[in-house]
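Once you scroll down, you'll see the structures, which are given as structure tokens.
You will see two complexes here that share chain A, one where it goes with chain B and one where it goes with chain C.
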Partner chain A sequence: MITFDTSAAAHLLRRLQFGVNPEEIDRAVREGLDATLDRLFTPQPETAEFTASQAALRDAAVATASIQDLKAWWLHRMAGTANPVTEKVTLFWHNHFATSYNKVLSVPMMTAQNDLFRTLGSGSFRQLLTTVARDPAMLVWLDGNANRKRHPNENFAREVMELFALGLGNYTERDIQEAARAFSGWHLREGRFWFNDSQHDSSDKTVFGKTGKFDGQAIINLCLDHPACPRFLAFKLLRTFVVTEPSPAWIDRVAALFTKHDLTFAPVLKEVCRSPEFYGSDVRGTIIKSPVELVLGTLRPLCERIRWPAVRDLSAQLGQDVFAPPSVKGWDGGRQWIHATAWIQRWNFLSDVTGSERYGSLRSEVREAIAQQPHDWVTALFATPLSDTTREVLTKAVPSDRLSLSLSLPEYQLM
Partner chain B sequence: MSTNRRDFLKLLGTAGVVSLAGPAPSLWSSALGAEAAKGERVLVLIQMAGGNDGLNTVIPFGDDAYLKARPALAIGKGAALKLNDTLGLHPAMSGFRDLWEASRLAIVQGVGYPKPDRSHFRSMDIWQAAHFSERIPTGWVGRMLDQTVAQTGMAWEAACIGQDKLPLSCLGERVVPPTIQRLEEFRLTSAGRETALVSTAAWKQAVSSSESGSELDFLRRSATSAVTSAERLASLSKTYRSATPYPSSRLAQQLQLVAQMITADLPARVYFVTLDGFDTHSQQLPGHAVLLGELSSAVSAFFADLDEKGRGDSVMLTTFSEFGRRLAENGSLGTDHGAASVLFTVTPAGKGGLYGTAPSLTDLDDGDPKFTTDFRRVYATLLDRWLQRPSQPVLGEAFAPLDFA
Partner chain C sequence: MLFVRSARVTVWMGLASLTWSTVGFCDDGSLSERLPPGAIAVAEWANANALIERAQSSPLLKAAYESEPYRQWTESNNGRKFRGGRAMLEGQLGLNLWDASKRVLGDRGIVAVYPPSEPGGKPEGVLLVRLADDEIGGHLKSRLEALIPLANDKIKSETVDGAWLTTAPDGNRTWVKDRWVVGGTARIVDDVRRRLSETVTDSLAKTLGAKLSGAPAKSDTIVSLAVDPVRIRELLGQARLIPAKLDNPLASLLFGGLTEYAAIGKDVLASLQIRPEGFDLKFDVSGDAGQIDAAHKTLLSTQPLVQPELLPTVPRRLATMTLVRDWATWYRQRDALLEAKVLPEFDKFETGLATFLPGKDFSQDILSLMSGPLTLVFAEQTYPHLPQPPGLQLPAGALVVSLTDAQRGADVFNLFIQTLTSLTNLEAAKQMRQPWLTSAETYKGVTITYARYLEIPKGQALPAIFNAQPASALVGSQYIAASSVELCKDLIDALQSTQKTATTTAATVQRNFELILAPENAAPLVKSNHALIEARGVQEGKTAEQSKSEREFLETILRTQKPLRLSTDVTPTGLTLTLQGGWQ
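== the complex of A and B ==
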């Protein structure tokens, strides 16, 4: 039994979009959980203004081959779209198949990979993994091109097992060495995937105890049919959207959902968001916001006339430079986001939100609403109940300081 | 009392010591008043991230198996900086050669652990946690800091310089060390108000309550630590002068900040810095030379600076990496993930030399040299002998120290 009150609605929206405001919470409560989920998981029409501005930003980035502009385009898209779940899922896969421009060095390839996550990310993981394995950016990123018959390169074969499909402990070093041979000859020509027959090792390989003249696709299929795969996806989904340390029992239940839906992503995410556990007090307010969550989740509800280049630089400075994850493992997330310098930078940003125009302009109605009627905003701003002491401090503060004081609290870093 | 220290205490007087109700962090808040902090032993750790190729760092040019396995990558007798008749340093490491000649460079050979894991992430976690369980919540330095405060009341601290995240090594259950990327980025701005909001009494009251173990508790502890650190470090840059030129590399700049903090007698006893880029799968020779040159010149300037300030004798520096590389080069003029490797310690006490046994290059484990010295023996040496903190409770079992400290 789920009590879908303002607090539960705010929790759901915080996890499925970037930040939340009181009107969105009211609408969700009014419509109820099922209708809200249906709306969030069904494509919604974009506004003409958004469609035009995102196209202009994207075209400029591609035309000038500027990765910096492409980063700004994506952040603008995440904040402005009428389909936030799609962007959250796209970001999820960017972190899962973490590929960096810093090695790929091609704006068209990074753009194509990002589109791929957006188009296929909510659907079948079978199709997604199969496509990613031939994705040009991935072939550059994990040295597919250097994988030749007589000199196998293990980079992709290792990560497809360790980070993409199975997780540590579900394969042997031998499996990786054999699988690497199956991917030999998966090369690039003129920026496209090219099966280079002359560099492909077509001899027998033994992987997961099975022997055959496996090619790369056969290895991908073996990974997809491996019992560890649904469990691994379940862990990643729960960790990103629900709770940092999911229990083994919960992982098993979500793995069963992945099996039921033949590894299709969005229906599993939707069912998880429909389950009573998702609304437990051990789930709400337990995830430390990533820089993108913090920055977009603050600016989208509170500000207008957002300065995207400044926002892009800020997100990178805070440790989440989109299109440039630190390694193939992606961003660790959780407590790893937080350290002393990160605190200083997060506070400096939040202080700028209320005290400067550096990243955008605080909406005047927000400033007034928080000074006059702070209660409505408390549910939107805080994912975790405030202690009596904290409430007292906020109440005693002069009204004009309430918003900035709220944003500076450790509670504000949770979602 | 040195000028630096006087300025620092003055700064303390104005900023005050943050006191919080509940189990507040002691980070950067106590021990500052104690004159005893001056000249205490300090440990600096340099993580060589990516898996350093130990065989092309301390080069066994006298071993045919090395030369045969690496037709394109081997560095020969003529080029290596000779340590003895069979071993030499990479040619880019002249700074380390000078430290070797001054008997301050200890080289530990064949360092690793049983059943080596060739995943960067897993192996780095093993090195940083000094523990083999899958879910490792704390690192070895963090546990040492936790135990030190629990057993002696001494609020020893650590500082991570130039990190974009807190390294697992330094994470304790109670202790969350500050990470300082660059001093100039470590300033609270106040956007129009007189003082930053987080420096006000109201804010400090609002973060004072605590419930143990939750994410919120972690956030409150680390937030308080960050505010206190920022207040302490606010005028640090004005108090430091150095006659020693540092190279312009990132590592050198980070080590200069470490020297600055050591000279100001901040309460950190362990500093952690990283040099990244050692994952040399392809075209290894030029990139590896740049990295080793950066390491060698930065460390050499760091000790020259500390010596000039009379602090060289109280600082020990140790490098580590998650693994070495395979003996045989690959087809891309690089080397793939391996196992055992070498590590360096700059020891002030004239205890330079070779420690441990160089692994055989003909008796291999899946293409990699086998480890001969457990990495936890190095940690035991640093803990028991250098920092004089018992290693057994930190490492979970007893390891025999080496003699470089």
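== the complex of A and C ==
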């Protein structure tokens, strides 16, 4: 039985969008859990202002072919959209299929891949993996054109098993070598996927103990039908949206949901968010906010006139440079987000939010509301209950200092 | 406190313009006739009324008032302070600031600076203003007199011979009578008072004032300035006021000749004439060309001007800049023109250039091929070579140089472009961009060598690199290197037209430098790139609507501007710098 009170509603919203404010919490409580989930997982109409702004930013990024402009566009989109779950899921797949502009060097390709995650991310993983395998940015990233009949390149075959579908321990080196031959000839030509028949090895391959004249799609299907696939997806979903170290039993339960929904993502995530475990005290406040979650989750509810180039640069400095993950493994996350330098930068950012207009202008109504009604904002800002001592300090503080004090607490780094 | 400070300011502004007698005084000669001789600098204005009225009715000002940025500014702290201060001042004056400006400053005025009366003292100055009408003085006096006590008795106020005399603690004073206002150091103010009521034989009009411009037409405003640099150098005990070596190579190249003349010149004169349709700002520096050293002479080369501009205009022109220099000698003499700290940059430049022109010396093998004018041209593009314009539309640019040996020069410059194209193709391959192929076509008898794209993507906004399609051509001894075939063809038209004109027209002046900006032609470019410009606003936290409004305001401003021209002409006895502009 789930008690969907303000605390539970705030927890749900923190996990499914970037930051939360008291009005959003009140609305969720009023609607109830099921209606709130239905709303969050159903496409909502965007505002005219958001549509116009994001179109201008996207057009500018395409026109200038500037990845910096594209980063600003996506961050603006994450913070401004009426469909935050879609953007969270897009960010999830960007980390899962981590592809960096630093090697791809093409803004149109990175844009197309990002659109792909947005369009297919909530749907069937079968379709998503099949499409990603032919995605131009991925083909550049994992050296598709270097995979030739007589000189197979194992990059994509290895990552499709290790990082995309199965996880370590569910395949052998022999499987990778054989799969690489199946992907030979999956090339990029004139910026598009092209099956280069002359470079494809059409001989027999043996993968996962099965033998046949497998091509790349056949290998993808073998991976998708592998029993490790739903378990791998379950682990990734839980680690990102629920808890840093999910128990094997919980992974099994979510894997069963993936099997039940034929590897379709959104229904599984929705069911996880409806489960009592999701609201357990051992789940709330256990995830360290990623830089994007910290920065957007702070600016979206608190600020207006957000300066996107500064936000983009800050996110990169904090360790999450969107469109440029550090490796094919993506961002490790968790405790890796917090190191000595990053901690100081995080604190400086939160100090700037209340003390300068470097990243945006603090909404006057927010400063006033926090000074007058701090309790509402404590629920929105903190994923875990504050100690009595901390509450007392905040209550006794000069009203105008309450927000900066709140943001400086270690508890604010958790979600 | 704020009120008291504001009131003090208002008192001084009022005193500076006050009159309380009805005795008229009419004189259409230069006000320098009323100033004592000996000034080292003097500036006079006449008929400022025409300028103020024009500014007041300007469509540009109207557009600014109606713009979103202005609306936002008026709602900001500074905007609110400005509006409050203006309302308070206008309330005290009983006039709006436009009317007050016209009636106080709208007729004539003069400012002069004199050497210190004692060795080691500060320079002295005087301001003489003739008010625009007989009533304004009395009106202001009646509104401002009561505010004098707010200055805490620090300003001494008295009536002397029917005039109102005020003296500040530092000795500066203001004298007001009839339509005259005189302000400045006490000694000179008293001298001017005497000259306003007596006939005197000597005056500034017979010395430095004689070099000021005459009275303008009724609809024009004129401001003129005369400086005596010889006397200033004497007073300062320095042989020159501007160093011979500059620390900015570009500034040296552009204006090194002008600054050298100014450093050693005999007279520096300036005039600003504002007409209904535009303005002319002119600086004349006279001096002895024989005193200019060989290094600076390289910056004072000229080209005879046989038509309004050195290079006829090309369609959709945004800017043209022509420099006439003795290029090879200039480069060899750079040690005498530039400070030592910037010279190593030239060595780095030469090292980098070796990549494109291996085995060539920049001065001996390249600059020696150039003689006289070097012109840079920028113009909007229409992209006839593309199925659709790029997402980011950039102006086309071109370089036009005069060659001493046309064919040899063209070969060297073509080698440079071919190497650049090859290197660019290598980079294009790395970044999966379309490479360039070298092609050629003939246009009006001239062979154009250009780079074309192997293939052009369809169905999407083209990347910005598609703005460029390098092209080169040789027209007579003029070599063109352009970033687009379209501009290259336009320049061929322009140069062929120049050659026809040159054979039939006599030169009027000797032009040394010419810069022409055409802001109105930038308006379509702003419109074409509206998405990008508006996106920059959104990136800075503005709404899409705000960004659009600001972009439209920018377009409006650009459309009201006529071409701006800056030029220098050189004669055996001096140099003239002229800035001309216009508005709708």
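Note that the second predicted complex is superposed on the first by the 415 of 415 C-alpha atoms of A that agree within 3 Å, B and C clash if a C-alpha of one lies under 4 Å from a C-alpha of the other, contacts with A are read in each partner's own complex, and residues count from 1 in each chain.
The definition used in the following text is that a contact is a pair of C-beta atoms (placed from the backbone, for glycine too) under 8 Å apart; a residue touches a chain by one contact, two chains touch by 3 or more.
It should be emphasised that the depicted structure is a prediction, and the values quoted were computed from it without experimental measurement.
Q: Record, for the superposition on chain A, whether partners chain B and chain C clash or fit.
A: fit
Q: Just checking: does A:411 make contact with chain B only, chain C only, both, or neither of them? Give me first, second, both or neither.
A: In the superposed model, A:411 contacts chain B only, not chain C.
Q: Using the superposition described at the top, determine whether chain B or chain C touches more residues of chain A.
A: Counting contacted residues of chain A, the larger count belongs to B.
Q: Examine A:361 and indicate which partner it touches, taking first as chain B and second as chain C; both and neither are also allowed.
A: Second partner only.
Q: For A:308, decide between first (touching chain B), second (touching chain C), both and neither.
A: After superposition on chain A, A:308 lies in contact with chain C alone.
Q: Just to be sure I read the superposition right, which of the two partners does A:369 touch: chain B = first, chain C = second, or both, or neither?
A: neither
Q: After the superposition on A, what does A:72 contact: first (chain B), second (chain C), both or neither?
A: Only chain C; A:72 stays clear of chain B.
Q: Check the superposed model and tell me the shortest C-alpha distance between chain B and chain C, rounded to whole Å.
A: Value for chain B versus chain C, nearest C-alpha atoms: 13 Å.
Q: Which residues would you name on chain A as touching chain B in one complex and chain C in the other?
A: none
Q: Any idea which chain C residues touch chain A in the complex?
A: Residue list for chain C touching chain A: 390-392, 430-432, 455, 457, 460-461, 463-465, 529, 531-532, 534-536, 538-545, 547.
Q: Flag every residue of chain B that touches chain A in the complex, lowest number first.
A: Residues 118-122, 134, 160, 163-166, 171, 176-181, 185-193, 196-198, 202-203, 205-209, 214-216, 218-220, 222-223, 225-227, 229-230, 281-282, 330-332, 336, 366 of chain B touch chain A in their complex.
Q: Using the touch definition from the top, list the residues of chain A that touch chain B in their complex.
A: Result: residues 143, 146, 148, 150-151, 153-155, 158, 162, 168-169, 173, 244, 285-288, 317, 319, 326-327, 329, 332, 335-345, 347-348, 351-352, 354-356, 384, 387, 389-390, 393-394, 396-397, 401, 404-405, 408-411, 413-414 of chain A touch chain B.
Q: So in the complex, which bits of chain A are touching chain C?
A: Those in contact with chain C are residues 49, 52-53, 55-57, 59-65, 69, 72, 76, 105-106, 108, 140, 190-191, 304-309, 360-361.
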